[in-house]
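In the two complexes that follow, subunit A is the common piece, with subunit B as its partner first and subunit C second.
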Partner chain A sequence: MASNAVVLFDESEMIRFRRMTVIWGITALVLLPILALLGYFMRLFQSGAFPQIRPEWFYAVLTLHSLGMVGTWFVGAMAGVSFLLLKYTRPSLAVSKFSFWGTLLGVVLLIVCTLGGLFGTGWYFLYPLPLMSQGVWQPWATLTFFIALAILGVCWTVWTLDILRSIAQRYSLRAALGLNYVFGEPGPEVPPLVLITTVSLIVGVAGFVAAVIVIALFAARALGVNVDPLLMKNLTFFFGHILVNITMYLGVAMVYELLPTYAGRPWKTNRVVAIAWDAVLFLILFAYFHHLYMDFAQPQWVQRFGQICSYGLAVPAGVVSIFGTLALVYAARMRWTLASTLLFLGIMGWGIGGIAAVIDSTVEVNSHFHNTLWVPAHFHTYYLMGVVLMILGFIDHAGKEISGLEENPRRSKLTVILLLIGGYGFLSMFFWAGAHSVPRRYAIYPLEVAQGTEYARIAVLFITVLLLGVLLYLWETGRRCLKALSA
Partner chain B sequence: MRRDSSVKPPRSRTMRPGLVVFVLALAALAQAQQSFGVPSNQPPNEDFYVYKQIPDVAIETGASTAMRLSKIWSEKPLLLTMVFTRCAGVCSAFLRSLRAAVSDAQGLGQDYRIVVLSFDPRDTTDDMEMVAESLGVKLDPNWIFAISSAAGIRQVAAASGFWFQWDPSAQQYDHPSLVEAIDRGRVVRMLAGTNVPRASLREVIQELRGRFVPSYALAGKVAFRCFEYDPNRDAYRLDWGLLFMLLPATSAVLAVVWAFFLHRESPPKPYDSSSALIR
Partner chain C sequence: MIQMQAFYVFLGVAGLLAAVFVYTIASTRRARDLDYHTAYALRRKLLYVLLAVLVVGLGMTLAKTPYPRDKDIPEQVVFVVGKQFSFGISASPITNDDEYLAATYSTPVQVGAGSFVEFRVTSFDVNHGFSVYDPEGHLIAQTQAMPGYVNRLRLRLTQPGRYRVLCLELCGSGHHRMRGVFDVK
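On to the complex of A and B.
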């Protein structure tokens, strides 16, 4: 409820900041259908629809789709959090603009190296694969890819530091981390938005630095220094896991801030919330070990510790947030709009995907599931039906607030129904295929796992429904955002 | 009839420089055929060649007139090694070591075949058959002794880091001993050394069978290792590379210090709320 909101902007500044947020929102809405169509292409490819196209295209598209989606929703979440933080702090508009242009440049370079150069390593660009293309892509594509990563990394690090700086202008570290709640001491009221954003962005810095080290070590390898692949994999997944996780946390932070306005009830930081989110600060540093269970050279105690931290990471923040959401909504005079419905469903989707993730982070299970479609199943669940819905909810909320255009309830309802049926139908085919040993990262399924082709065909039908929902959402929300741009 | 020795026939004058060039060219060509690559005391680094495509060169065996390497690897994976028949050094010992290791690993003919390719253009198929006979595998169709053109030899050598250097004083080649495991035309593993360790070849054969063989680069081959495995204690210890893993968290701490302690100014004063849009 933001009871401690203060006014930090004059009207013209505020209008400029809102416009920038709308631009970020429109950018995400433009990228969403493009990147979704790339995913559609991949499932069509796996269903045997394009026998004449080389599999190299599948991997190039896979790389662009995964990096594009992760990047789009990260900047979407950052833009959303920046906007909501305006009630409490004063982030820099110039830095937001700098990040925007840097992100655009990075995205263009990613498109060039993947679709133009067939760079197809997947998002994780696992060492030394980018340097060993076997002629599939040229060295320029690898160079372009790393330049794109470097640009994105610099822009996002600066943006992250700026938001941390803006929080620090108003809150002490102790307050921003909610430590007064943890120790039961008097202190300033700290909204969950500030607490979760602070925790997320502190670890975000660590993630981006890991990416910088990875790029530097790739450069060292290009100069002839052999680098330990195990170190590179640790650093890569440390970065990747953190980037994806903080995107979700920032989405959850927006829900903490926005959902109470629809429920008519406050959702304040308390001791349990503070402890749960502060625990994330520590646990997230080690949870990524679950990506390396297959790496036998990593000592077993590391793997076990990774499992414990994965459980620990999912349970406090997840349970507290999901329980909090349900408690907030229960018996409340809820205003169920498109925005509030998407925010609510996003939290639930995060929970469902989280359960699948916890299952997969168990060493014994992971040894069976690791290379199957179960993995894309769980991360698509907490991404597509989790944080993406949260951010779409935010964009709709902001677009409506700024433009003043009301929504069409029937269209909103239809949008949600299509998104749910299409989204969960599409995901269920991933889960089903994973449970039936269909491997991931296969462009074409060999005879031994030919059932994967059938599951892909069914998934294509659900994706079609999902895309209809996306198009309806874009029509409904897009026009509000366009109006907001001129507001 | 006397000949004026001071006057040389015009033809000889024009022929002599041409002859010299021809002889030099022949010598250069012979030298080019006899040496390839950069000699080194170190064996070829497997990391640089693994998964590389072996050129599909034409080879000739005693049994058939000509075929391509792909004809063999399209049927079964293969072990490829390069020797020369006049070798007074390591080649015979190496081949015997390979034969013993193959016998230990088993599966020859069922899971893979062996191609012994001469890198000396002077070798003939008859020469190679004599080597097969002396090794006692002449009648085994899974041992294929072959020759190739000078260009073909260089292509295969380039794809696997193999080199050979002609030593005129010893009238011998200096060269490493190498066996490459090739699956569908790509290098899967490489073993270098004058002997073929049985345990190592067993691992290689397992890979050719499509089974997973754990491996971690040996100490000294890579920089910044995370862990070191002590086979005597069957235990891991931390290594220096792990320090890189501390950098991200350290940077995050520094960022916090910068934002919350060094850069912090007094909190901004609110504007007059009557002119504000925030509700």
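On to the complex of A and C.
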């Protein structure tokens, strides 16, 4: 609860900041159906619906869909956290605007190089694939891709640093990390939102530094310098793993801040919460090793340490955040709205996806699941049915708060039902296909794994239901956001 | 099959978690104050249970890795090179493009049923995934084919038949076409 909230903005500044948040929200709501349709296209492609289209298109769309989704929800989470932090700190509106325009430019360049240039390396542009296209994409597309990444990287790093700066203006690092709670010392009250944001964004800076090194090494390679592929792989997955995970943590931070207002109960930082999130700060830095289990050239102790850290991350998530959510809501005088329902169900999706991820982080299991559809199964679960629901919950909450427009409970209920049936139905085909050895990132399934085509067809039906839910959400929440824009 | 075991474990635990969430939603119909002492005691129990599960899980699995151990001596060595978009698989070393082409188009390598075989896997261009599918189409083992590195995958294949190799690391527009084959006799 915002017991230590302070007034840091005058009314006109607050209106401008709220407006910027609404603009971020509307941007996410515009990108959501477009990027979802790209995913729909991919599953249709895998089901054999477009035999006349070349596979190069599949891989280009795959690249745009994955980078677009990760980027959209990262900025969505950043905008949400910035808005909620206004009660405690003073993030810069100018930096938020700078990030907005930089993000738009980066997205346009990504569209140009993928849909215009057929750049198709997947989100992770694993070295040296961008430089070895077999003539499918031209050097200009590769250059455009890296320029886009550089622009996005600069904007998001500046934004990350600015939010950390705003926290540092009010809280010392020791306080912001909750160390006074850990050691039982007197200190300022630190809301979980501040603690989790601090932990996430410190890790985020480390991830962005790794991304900068990757881009620099690609540039060095273009100039003829030899680059170690294993080093590049470590840096790439370090960055990617962190970006996805901090997006989820920022989503969870919003739940810590917002759900108590619906449950009518407080959710404060205490010793257990502080220890849990400080442990995350350490564990997350090494859990990424599980992406490289099948690189036998990595030292074996590194692989085992990766499994230990991956398992370890389940403890703070399960015992503190998921249990905390359940305890907060259990038998509470809960105000169930579209926003609170999505926030609550988002934690459930995060948990369910996390279970599948922990299973896959077992080295022995990973050698049977690595790069099968089990992987998109678990990350779509904690992303689509996890953090995306949390952010959609936040956008609806903010839109309602600013516009004052009430919701239609029946439409909200139908929205949630469609999202759940469509979402989990679509994911079930990923899980089932992964358990049956169907590879991920295949435009066409060859005879050896032909069953993947059938699973894709069933998935398409569920995605149709999911898209109906998304459209209903957009109708409900979109009109609130549009009204909020003029409020 | 380990995949289905993992699937059912996931289904059980995820189902339990979903049931707890549904139960919690239902509990809000009869609102009452939360007994924090009971909640904290429950959290402590959850911590112990989760720690126990994870420690047991680590104990059971941490030693079972597919990585080569120095004390094991392979009875047969097979050389593998990945290159956009095929695997060259040969009983003799592949050191250049000509040898790679010869390995790609020659008759499939034969591996003795039940013998302990080492696949020495590398790449001549980008990253590939050397992924072995048994005659029934189950993914039974894999390692990365990476330029500049040789990954050693050791297997004892007892089931005779034709084994397919698919690439599980996105390697370009022909990724889904990339394959190799060997026989176990």
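Basically, the second predicted complex is superposed on the first by the 486 of 487 C-alpha atoms of A that agree within 3 Å, B and C clash if a C-alpha of one lies under 4 Å from a C-alpha of the other, contacts with A are read in each partner's own complex, and residues count from 1 in each chain.
The working rule: a contact is a pair of C-beta atoms (placed from the backbone, for glycine too) under 8 Å apart; a residue touches a chain by one contact, two chains touch by 3 or more.
Worth saying up front: this structure is predicted, and the values here are computed from it rather than measured.
Chemist: Who does A:213 touch here: subunit B (first), subunit C (second), both, or neither?
Modeler: In the superposition, A:213 contacts subunit B only.
Chemist: Contacts for A:285 in the overlay, against subunit B (first) and subunit C (second): which applies, first, second, both or neither?
Modeler: A:285: touches subunit B, not subunit C.
Chemist: Considering only touches as defined above, state whether A:238 meets subunit B (first), subunit C (second), both or neither.
Modeler: A:238: touches subunit B, not subunit C.
Chemist: Does subunit B (first) or subunit C (second) touch A:87, or do both, or does neither?
Modeler: In the superposition, A:87 contacts subunit B only.
Chemist: Looking at A:176 after the superposition, I want to know if it touches subunit B, subunit C, both of them or none. Which is it: first, second, both, neither?
Modeler: first
Chemist: Mind working out whether A:408 is in touch with subunit B, subunit C, both or neither, as first, second, both or neither?
Modeler: Touch partners of A:408: none, neither subunit B nor subunit C.
Chemist: With the two complexes superposed on chain A, say which partner A:437 touches: subunit B (first), subunit C (second), both, or neither.
Modeler: The second partner, subunit C, only.
Chemist: Between subunit B and subunit C, which makes contact with more of the residues in subunit A?
Modeler: After superposing on chain A, more of subunit A is contacted by C.
Chemist: For A:331, decide between first (touching subunit B), second (touching subunit C), both and neither.
Modeler: second
Chemist: Check the residue A:168 against both partner chains and state whether it touches subunit B (first), subunit C (second), both, or neither.
Modeler: In the superposition, A:168 touches subunit B alone.
Chemist: Taking the contacts subunit A makes with subunit B in one complex and with subunit C in the other, which residues are shared?
Modeler: 128, 132, 134, 228-230, 296-297
Chemist: Quick check: in the complex, which residue numbers of subunit A touch subunit B?
Modeler: For subunit A paired with subunit B, touching residues are 5-11, 14-15, 86-87, 90, 128, 132, 134, 161, 164-165, 167-170, 172-173, 176, 202-203, 205-207, 209-210, 213, 217, 220, 225-231, 234-235, 238-239, 285, 296-299.
Chemist: For subunit A, which residues are in contact with subunit C within the complex?
Modeler: 54-56, 59, 120-122, 126-129, 132-134, 136, 228-230, 233, 265, 272, 294-297, 300, 303-304, 307-308, 311-312, 314-315, 318-319, 322-323, 326-327, 329-334, 336, 344-345, 348, 351-352, 355-356, 359-360, 362-365, 367-372, 374, 431-432, 434-437, 439-446, 448-449
Chemist: Considering the complex alone, what residue numbers of subunit C touch subunit A?
Modeler: Residues 2-4, 6-7, 9-10, 13-14, 17-18, 20-21, 24-25, 27-28, 30-32, 34, 39, 42-43, 46-47, 50-51, 54, 57-58, 61-62, 64-68, 84, 125-127, 129, 131, 133, 137-144, 146-153, 164, 166, 168-177, 179 of subunit C touch subunit A in their complex.
Chemist: Help me check something: in the complex, which residues belonging to subunit B touch subunit A?
Modeler: Answer in residue numbers: 45, 47, 51-53, 214, 216-217, 221-227, 229, 236, 241-242, 244-245, 247-249, 251-252, 255-256, 258-261, 263-265, 267-268, 270-273, 275-278.
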